[in-house]
Amino acid sequence: MTKFFFPDLGETMFDGPTTLEPILAEHPFLKGMKKEHLALITGCASNVKWDAGTYLFREGQGADQFYIVRQGTIAIEAFSPAHGPLVLQTVGEGDILGWAWLVPPYRWHFDGHATDLVRAIAFDGKCLRTKCEKDHELGYELLKRFSEIMSQRLDVTRMQLLDLYDDMPTKGIRRK
Amino acid sequence: MGLETGTAYILGADGLSALFQAIVDSGHTVVAPTARDGAIALREVGSPDDLPAGLTDEQAPGSYRLKERSDRAVFGHTVGPDSPKRWLHPPDFLRFRAHRGEKSGFTLEKGDPSAPKIAFLGIKPCDLAAIGRQDRVFLGGPFAEPVYAARRQEALVVVAQCTEAHGTCFCASMGTGPRVEAGFDLAVTELFREGRHELVVEVGSERGAALLTGVPKKTASSGDLAAAKGASAKAATEMGRSLETTGLKEALQAKAESPRWEDVERRCLSCANCTLVCPTCFCSTIEDTTDLTGRVSERWRRWDSCFTLDFSYIHGGSVRRTGASRYRQWLTHKLASWIDQFGESGCVGCGRCITWCPVGIDLTAEARAFQPAPARGKE
Amino acid sequence: MSAVASSPDPMFPRPYRVHRVTKETSDTFTLELLPEAGHAGFAFAAGQFNMLYVCGIGEVPISISGDPGVPQALVHTTRAVGAVTKGMEELKKGDSIGIRGPFGTNWPVAEAEGNDVVFVAGGIGLAPLRPALYQVLASRERFGRVVLLYGARTPEDILYRKQLKEWRADLGLEVHVSVDRATRDWRGNVGVVTTLIPRVPFDPYNTVAMVCGPEVMIRYTVMELERRGVAQENIHVSLERNMKCGIGFCGHCQHGPNFVCKDGPVFPFSRVRDLMNQREV
């Protein structure tokens, strides 16, 4: 999906669900959702903010939320004892962040670290999980969209794995 | 002198010797077919007696046999493993010698630019066509290849029109023979009529005409010319193989992923024989070598083959690692990409690749496997 | 789009003097060369390459990475991976290198006037693109948005850092860099360069894209550019193949029917699309 650009927020926009609905309806991620489903989802949404340098989530913590980033950059990190936090990928404005809320055991797999001031729309995953169990059509709509996100993330991660710029993708592998 | 391009003459038995002498007198080294190492091969020869009188060849996939003829024909054979490219596009050539000075500075001593004067005597129409293919490759672009250009300029060409076609010939399919009308200095057709052994000689250029001045000859009659043409026309019906070129380029370029490539890979040894004997293959490599002191380097241009694994080496690996991809490269280049690059097919139908393949892979059969079967009712 | 070679004889290397060898990253260096004995300069078009000869070792094709508007200096940035490039890395000021060239087709900078220009570079791929950047920025007003998306392996592998900063500050070049791996010291993007494409505003219907980097990266970059709506005729890529002669005689650089040395190295993507989807071509 193409990049979605949020209208300029300013400092004073701490809106409730009613103001969020029109914005979310236009976001490509939620486009095509039935009105009742959109209302359901928006009902679980709220604005959130993190200061630079704070954590959105930590590895192992219960994952009960996902986010649409409105502003700022989040570094997805793995912590290594000898080397400290290693950045795997950065996620920014317009990106969707988090699907661990959908997949058992519903725990974050990595750390999410705010590189700068982050504003996002947070969705109550716990609440949505329950709603999806009751309304399978809602569940399917959400799963369709999240599987596309996961697929894209997997593709770019695989490319990162190839370590292409080093131009030695088979380094250390004995070739016959 | 009265000898013009487009005229034709009859030479008797003594005429060929006189022609040979005329060529030698003009300062050319004669390269002609001669019996050598069990084949009729192109070699530098010193006398008309070196021509393979009374010999012919029998060719099949992976097989070449020298046979005795019942007559004393001198040009009664098709092609051997060598082609004119050995002289026009030599297998080894010293491009320059670099003398290393201080601070890795160097002075270049350019390789000998002089070109030997070669006269091809008795090459076949398919080989003349092959020279034409290489002319396009080496002389047709923004830069002319100087080694080829110099040798080509000096080369004299006496074509022997074919009066027989053998087991691997398919020049008729490629439109390159068994007879050519132009592009030569002289063209000879060997005839045996009513006990007479004669050559019909067609003049194709002023240089060719000049060669004939001192040679005993009679003007050819229209009947003589008709006999010559008739002999070649008969050869056209005897082709050992055929190749349907309509739609072949498109078929090959569309079927890069065909399982047929793996099929031929099981047979192909990547030995590169086909590229060595092919008269149009032109790939080369550049080798920079140094002597033990490290102060004198030589750059050699050498024949190369797309069948070698490191032909396409880049960034730690070869682009064409499998034998299938290398055979595909060769066949597709020869019969398809060459047309995109140079406006004509790279294949002249000489059949050498079929004869000299140690496992007998037949290019015409491989090509046929890619073409859609012609709609001809039930098959 | 082929520039006529300025060399009198493309067969023989002409000596150039090493003016400076600069180490750029752990495995990349830049050679600045000056012509020997009073030659004016080296005229070339952005995207072209030379065959560089180190006497006693050998010869390799390397893209020119300097400013086409400053022909007095001939600049090549390259990785030190084999005998010849490793030998080059050891050269000192005053040493000689043989040059044959320039060869090949060029980036369509003039044709891109009036459009937005998006450069996408992966790793050392920034080096063959830099001459086009110079050329565009020299006539900045003739272009719309000018964007560079640059992927490097780590922050330490970023080439031309200082220059990119200057261009960003002085000439309105939008630079977005992403690295494959980083620690927290890097506060920029982490991820493959293709992830930058959806994020950067440019008008896909009036954009000319120039892409250079590993072939896998080129394929995925083009996919993302097309997803944004850039037409394949407006996407130009620089390809590489084994080269021996550099002028279309040795046959080594063939990519399907194209000779990368003379029909390329810069190609409109439409010309190589089908070939790039085939294996081992």
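To keep things simple, chains are lettered A, B and C as they appear, and every chain counts its residues starting from 1.
Heads up, the rule we're going with is that a residue touches a chain if its C-beta (ideal position, glycine included) is under 8 Å from a C-beta of that chain, and two chains touch if they have at least 3 such contacts.
A quick note: this is a predicted structure, and the numbers were derived from the prediction, not measured.
S.K.: Report the chain closest to the protein's overall CA mean, measuring from each chain's own CA mean.
M.R.: Centroid comparison flags C as closest.
S.K.: Contact counts by the stated rule: is the higher one at A-B or A-C?
M.R.: Most contacts of the two pairs: A-C.
S.K.: For subunit B and subunit C, what's the span in angstrom between their mean Cα positions?
M.R.: That pair's centroid distance is 41 Å.
S.K.: Need the CA-centroid distance for the pair subunit A / subunit B, whole Å please.
M.R.: That pair's centroid distance is 66 Å.
S.K.: What is the distance, in whole Å, between the centres of subunit A and subunit C, each centre taken as the mean of its C-alpha atoms?
M.R.: 35
S.K.: Send over the residues of subunit C in touch with two or more other chains.
M.R.: 81
S.K.: If a residue has to touch 2 or more other chains to count, which residues of subunit B qualify?
M.R.: 315-316
S.K.: At least two partner chains per residue is the criterion; list those residues in subunit A.
M.R.: 167, in rising order.
S.K.: Please output the residues of subunit A touching subunit B within their complex, sorted ascending.
M.R.: Against subunit B, subunit A makes touches at 167-168, 170, 175.
S.K.: Enumerate the contact residues on subunit B facing subunit A in the complex.
M.R.: Spelled out, the residues of subunit B in touch with subunit A are 315-317.
S.K.: For subunit A, which residues count as touching subunit C in their complex?
M.R.: Those in contact with subunit C are residues 1-3, 5, 73, 75, 77, 83-90, 92-94, 113, 115-116, 155-156, 159-160, 162-167.
S.K.: Applying the document's contact rule, which stretches of subunit C touch subunit B when the two form their complex?
M.R.: 2, 4-5, 10-13, 15, 53-59, 81, 91-92, 94-98, 240-242, 244-245, 247-252, 254, 256-257, 259, 262, 278-281
S.K.: Okay, in this complex, where on subunit B does subunit C touch?
M.R.: Of all residues in subunit B, those touching subunit C are 95-96, 98, 100, 103-106, 108, 110, 137-138, 141-143, 145-146, 253, 256-257, 282-286, 288, 290, 294-295, 297, 304, 306, 311-316, 319-322, 324-325, 328-329, 332-333, 336-337, 340-341.
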